[in-house]
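So, here come the structures, one by one.
What follows is a pair of complexes built around chain A, which joins chain B in one and chain C in the other.
Let's turn to the complex of A and B:
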């Protein structure tokens, strides 16, 4: 009986703590400058758009040179990944990303950066337990969630098709 | 036994230990900031000629300590205890620096509050007669902290407006029972009281809101210190917190005013090292943070200003956010801490 009461009390305390945390978080927000949503979005839109337009231009050019659409697309993807990797290695990518935000993070360039950045960072701990172990530290969680979500959606789709 | 405790959390340092040596070192970005003149050394490259960021930070801490011992005119053999800490797991920087220094070593972890923590404990050891001279220090490095607590350095992302910039800096001071290194008649800084802070958790969960997470702890320690000593905030020429940054500083001032302190006095007697180290144009968002922030500002600008007579009394309050690399993922909020040490020029 006594144990039950103390458990209830603990729960009450936990709840109270959470409420205080919420109220204080709200209070602290008043002092925090708001991010510049509009200008950030415009910058991301322009940079992201430019990347995609340039990529498409290259793809069209490759297709005009006689490559199939699929092959041209693959070449462009490889090119974007390689460019993002090079820029990451040169220490330029993070400077661009600071301004362009989602404009460079959402295209495949962001994925390339998220692989190369830890590869460089953990080089000092060795090729196996450093780079090898940490290579997917940023991209890994995204891959796991992405593939899991795709599997779930795939199963649902399969069921819908079937019935 | 003489009891030196006054009030609830404060200790009176009866013998008022002397701060006879100071040394600091800053990274490239710190050297481009408004406090560039107050650094003993500024790095051209944050690698400092080493193979890893951790080694660079270690070398920085050693450089700051060497400088402090040089000013104190003491050799390593004359230092009884070395007290320091940093942000890296298992306080790697400090332990590895101590390996090279070969001084009896007490490693401390108080996150960014470490400078005051080491100074408080060191001053108490000297005051109590357990050591003749000690060296206290702390260090941080943007790249070592970034890769441990956040993302790889080259990862492209946008920092939120409240995010703070970990200082690449180290600072150290020598505390001694006798000011032998200081010429007669010259001003000398002495530690008079120390207040050990409690861990306060206001429930902030966002690891990019460090200032807000630590401010309540700083308020608690300051109010307790003032009550224990029976002083008002204007007793000090400057009450200076460690790394609350712009947001945390505003919250602290607001909370202090709420607690009944005079707004004008708060405005004219309170500042934060996190808002001093960089200028707003340096794109650091919420201001500076890290153990090295309060360590290098204190062991540079603040002590220099005291020696030059700009300030007579300072209350140094380094602030720390005691989160771990896994605690935010386990849903824990961020506990804060702040210690205070009162310093006076004589």
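Let's turn to the complex of A and C:
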């Protein structure tokens, strides 16, 4: 009997807690700034567009020097990745990302940044389980999902080719 | 003209990313995953190649371009055989990933965390 009562009390308490949580959520919402959709998008558009245009300019330069389109593209990717990681290490990438948002996150530079940023942050945990492991805290899911999807595509295409 | 398309297409991908970040509860890692998988799926349906032909680096530099390269490697490999179909995606993106890992590791070991300046 006593147990039943305490159970009921617990349920009531939980209900109350949930209600308080909801009320707080509403209250907090008043004070969270609404994102500036338009100006953020314009910034992202310009910065992202500029990165791609610069990449194309370098790519054309490399092709003019006699590299094949594929090799030139690979060098451009390598260059962007290395530059983004260096800027992340120097702490400059964060400053740019604060203004440009997705403009630097969506290009391959964001992928490069997502590896170095947590790796530096968790340096204290050692070079293997800290830096080594955290290098993949974001890149891991990206590679897992991307490579899995592409492998499935490859097998499907092989199947179509074969039969 | 080539440069204009690179600017526009590259910019559009970034705007989509920005709207996903601002308008939904998706975090940056989830957006990155969505973009890469989108690139893989679009290329598998032969829809991404036309964008690459039009915009060049404007289509390959954003993350869907990474997915495009993965899928393209798989599809080209599939024409040669089963093993090539499986090794294709990683082979096609090996250089970028290898540099990202090695250079990223070196940079992470050299630099120390910066306190954010406001």
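Everything below uses one rule, namely that the second predicted complex is superposed on the first by the 114 of 163 C-alpha atoms of A that agree within 3 Å, B and C clash if a C-alpha of one lies under 4 Å from a C-alpha of the other, contacts with A are read in each partner's own complex, and residues count from 1 in each chain.
Rule of thumb we're sticking to: a contact is a pair of C-beta atoms (placed from the backbone, for glycine too) under 8 Å apart; a residue touches a chain by one contact, two chains touch by 3 or more.
Bear in mind that the values here come from a model prediction, so they are computed numbers and not experimental data.
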Which of chain B and chain C A:18 touches, first, second, both or neither: first
First, second, both or neither for A:101, with chain B first and chain C second: both
Touched partner set for A:150, first chain B, second chain C, both or neither: second
Greater chain A contact set [chain C / chain B]: C
First, second, both or neither for A:93, with chain B first and chain C second: first
Touched partner set for A:85, first chain B, second chain C, both or neither: second
Which of chain B and chain C A:141 touches, first, second, both or neither: second
First, second, both or neither for A:74, with chain B first and chain C second: second
Touched partner set for A:32, first chain B, second chain C, both or neither: first
Which superposed partner A:50 touches (first chain B, second chain C, both, neither): second
Chain B and chain C contact sites that coincide on chain A, given as residue numbers: 35, 40, 88-89, 91, 94, 101, 105, 110, 114, 116, 120-121, 138
Chain B contact footprint on chain A (complex, rising order): 17-18, 20-22, 24-25, 27-28, 31-35, 40, 88-89, 91, 93-94, 96-98, 101, 104-105, 110, 113-114, 116-118, 120-122, 124, 137-138
Touching residues (chain side chain A, partner chain C) in the complex: 35, 37, 40-41, 43-53, 55-57, 59, 73-74, 76-78, 80-82, 85-86, 88-91, 94-95, 101-103, 105-108, 110-112, 114-116, 119-121, 123, 127, 131-132, 135, 138-139, 141-143, 145-147, 149-151, 153-158, 160-161
Chain C residues touching chain A - in the complex, by the definition given at the top: 2-3, 6-23, 28-29, 31-33, 35-37, 39-41, 43-44, 55-58, 60-63, 65-67, 70-71, 73-75, 77-79, 81-82, 85-86, 88-90, 95-97, 99-101, 103-105, 107-114, 116-117
Interfacial residue positions of chain B with respect to chain A in the complex: 51-52, 147, 151-162, 202-206, 209, 212, 216, 247, 250-251, 254, 333
